[in-house]
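My questions all concern the structure below.
To keep things simple, chains are lettered A, B, C, D, E and F as they appear, and every chain counts its residues starting from 1.
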């Protein structure tokens, strides 16, 4: 059932950098997938207008509830502590996705670990928990998508338990290797095996919607325009042919 | 029970553009209405300082939960689909208010429909659901009040079912024709039959509060100032008479 | 059990102004306190980068649910109304902390009361309810930490009942005199009797973390660096000795 | 889109009386419908073992939030008040389904209205709100499925607004005429156009599961038994042929 | 504002023992009080049919969140611990009402304290938290209304802080001395100053409703019967006169 | 960190069968563990008075959210489907504990799988999701602790993904081999390494509390009795010595 071996082309990654999560959820909806957008997760810092999306294959970290006797500050002395190990293991270009059970009461990362992820070339971090140091962590330059800001350290609620296993995040299934795409609206999980096709069709959909948006700005009524009827499709074909 | 025929003067609309929703809720509280402010709804983009409020009569759209066999992307080909029809029917100057049952998991509008509303002269859109394309939709210039950003299309959760009927939005009853006022704090529903009186008294209340705020900034203690006693009221009368 | 008589030095206050709530929660976690960070409470206006924290001893105000016959607008004519009295009584330098039972449906303060607190020299206001006039209230210059913006006046839900008693706020116990610290992540309650020690150790922790962050930015792996092993500690000692 | 004219045979109704809602949700799942079971709704009184299900076509009543000036006890003097009218209009054999927006704070019916429904031959009442008089209302003999017990009258939160329109109940779309089935687990909505087929297949599924359950009780392992392989299917065919 | 000195007659108490909380909420609604029924609170053991209600003046206990260093098992050695003191102080005939902030994660009482309350003649216990020992605590014979069963001791979440002050319970204001009435639907708080009048009118309302219920059972339509028109009122007057 | 090899004596199991979960949470609280009781989980059928507890080592099953293309009814044809495999693998005497992320919208087991667990000698099933067939599943005789009844099959929300790994259930960490104890209040997780000591101390605590309860029933005041002072302890010692 694992699909991690499916290759993802640079072209697919590049296409996914420039289509919206809105378009991607529509493409996945057309393929029968209704539950692909992480609930309760948003960019910590609103991306600049026109900035490319965060895109990368998921590398996962699973947390379960903390137990007071097991989760004390001493655990970090163990270099094989799963959270620290995940930060050192997630490949360059991947997105570290944490299952925090939607618990917003504590942080799931802070600025030192985020710096390490950035230095290692990881593409971003996603969590359905919060982050601490929220005033400055955005300056590190690693895209962060999370449930908001919270100061307490993860150990107060979380026990990192294993990595690179299928997890839940924001109510969505995330399999290692699934393509994670984040923009201003939030984060969508594109199943790896659908990524190439979905990326291509999403890019095409956005070109069409650019044309439709122009028409609607110009006063066109919805009927026949959105969705397009034959006549609008013909006009689009012409418009499209003139466009590089 | 419908009160849509009551005329609303331009003066009332103008007054409502320049008083806060805070003041309006106080005026409605004085008239026995405690549940007039939409819960969980906020401006998508913070209004500029001093910008006038969104104001207009409610034109409503009701959504019920989606059913997979009825709510597929093909439905939009029907130009009488209630959502598309509502966008084409809401009068210029009105505010389109959507009942999304407070469901934050999907979008209740996107940029093309919002553009069409703007072109048609609609005054704003309110929803207790989310919107997609949240990074750019604010640039269209239509005031949007909603539960936040979410990428998935409405069909994943909503079936638009009828328009211009009384609805629930953000836990508040909204009757077609009620006056919807939105500012930085959120949205208040002013029953149409009270709008003229509430607008006038709210405007008056704000003049008084401007005077009180000045006094408090100047060091006045609350006792006798807020609320004003006879002596403060006399000072206010004088201050008021000097003001145009 | 009251600890309000314990003196808090200016040095402690100054230290707390310059350490993050993240660091403070870690110091309190080390002392066995896991529930010290207010849930659902955030700064209304994001503090400027580098701005000092809000810091001061808690002066509390307790609200219970409103009852329609007791909580009408006439109550404010009573200058001994507990909310008004609290605003006039909270000492200069203190932080007014309100127990609103986490109810986000109404405001717990507005601009006139906030102005009075500012004029009186109060250090800040914290509430697990909302505030109204959210567009302009931040300009008054009083740090406000709350659950968000909501227009309706407090009387629609709250009955202010007593002040300077132990309360719940954001799910955390707040005893009068506890030191309240607020930054961009939110608000932490430091028990008064631990404040001096916690402030000192937090300041020290942050110096260490500055050193570690530099190393990680420079490419150091987490193992041996964070937390530091003997060799890193030795390097730190040298770095520390060179720093003023 | 209305399907109310599709006839439902007595055989279908009878089949639906004797299959579980668990089986029905499985049949609907096989047809692509995942959201057919009312969330947060349960029988007020646990049905007796072996009792037939509540079954009947939906007759709906829609409630929106109350407004204090419109929803006072005087409204019931109007015999055309939608709630009273719905109680007098729901056909014998139908199930009255109320949209209460999942609000559990007040009642959606009490013993006098329930008595009237029973006298009129209505088959049951379903609400995603609560009921009052919960100690004795079960003795009336009308099957009631709801969110629990709550004393306050509906007017404190609800304004009955129209009837026999599509509604939301327990997070599920309910169209007038859909077949409502309630058993000990709760309530499932069977789209009217699928009812005959779903009823027939559900009845057949339960015969098969009776056979499988016998085998598992007798020690059969799951592999090959549940779901059945060819050999188990052959054994089932024989068992089935011996059964009436 | 305290009304604890208002005498409550034995007749009032007796009337309140025999009217439903449903009727009481209607009487209070008529007087403008919409928020008098505790949300999320139910009888732990369903009262026997026909059993009198729990009735008594409120004696309150307020809890705030626990702090690990203050709330250890040793605190109970202090005989003045507020919870223990409340159990020993609540007068015979009163109802002990606990503010647990609606926290369902731990118990707010167990069998030994409940036994002590019973021995002391207290009329009942109400909490918006849970109780432990739920299998046997009902056998003690003290009416208990709570949020359900939960095993952990109160100290894990609660710090009992003071008694006989106004509190919140189940989202409702409870003033010491208010009359607490509990039946199968749950608990209503009757403000002490209204108790006599409300009890009398509630008793009268129930006689009327008994008559109406008889008529409806006999086939009367709602129009003219519920609420009664002049003709039904005349019939009621006659029926009433024949009844003792 | 795995402790599954620690032997658990029959005496410990027997002790745990006869102490309450209330007592066990107190013993664990004394050892610093505050989060050991599953939230939102209760026995489906109230245990008979005096019935022994469900007790056994945890065998876990982890579920993540379903994905429509992966979780169709065909998956059960795979005999290695993790849910089916878990049912066939959980050892006799163990308790199958499912992580359903607290999702109450669907079932996590039904009567056929429960029958198989019973036949295989499994000691019980715990889930923070619901179960279907709730009217009859209790007759199978396997103790079931869950979030309630819900008809839809697990596939509508859950994807069973792996077994015998540490999981979250009801907000609590459950490690394979931890001792799961369920009674009328709910379920407590006793870390395996503490089980022997906790069981012994819990048994002793209950004997003491039986003595205290007798005293309180006899009219003893709390002071000096609960907790016991020296004199009560002496009386207890004597009472204890006379008891076999």
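As a convention for this text, a contact is a pair of C-beta atoms (placed from the backbone, for glycine too) under 8 Å apart; a residue touches a chain by one contact, two chains touch by 3 or more.
It should be emphasised that the depicted structure is a prediction, and the values quoted were computed from it without experimental measurement.
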**Prompt:** Between chain A and chain B, which partner chains are common?
**Reply:** C
**Asked** Starting at chain C, what is the smallest number of hops through touching chains needed to reach chain F?
**Response** 2
**Prompt:** Looking at chain B with chain D, do both copies bring the same residues to the contact (over half shared) or different ones?
**Reply:** same
**Asked** Which of the two pairs, A-C or A-F, is linked by more C-beta contacts?
**Response** A-C
**Asked** Using the average of all C-alpha atoms in each chain as its centre, how far is it in Å between chain D and chain E?
**Response** 32
**Message:** I'd like to verify one number: the distance from the centre of chain C to the centre of chain E, where each centre is the average of its C-alpha atoms, in whole angstrom.
**Reply:** 37
**Message:** Quick check: what residues of chain D touch more than one other chain, meaning two or more?
**Reply:** 34, 68
**Asked** Pairs of chains that touch, anyone?
**Response** A-B, A-C, A-F, B-C, B-D, C-E, D-E, D-F, E-F
**Request:** Show which residues of chain A lie in contact with chain F when the two form their complex.
**Result:** 1, 31-35, 64-70, 101, 159, 161-162, 165-168, 171-174, 191
**Footprint of chain F on chain E - complex, ascending** = 68, 73, 76-77, 79, 84, 87-88, 104-107, 110-113, 115-116, 119, 132-136, 148-153, 155-156
**Asked** Can you list the residues on chain C that touch chain A in the complex?
**Response** 20-22, 24-26, 29-30, 34, 36-37, 39, 42, 46-47, 49, 183-186, 188, 209, 212-213, 216-217, 219, 221-224, 226-227
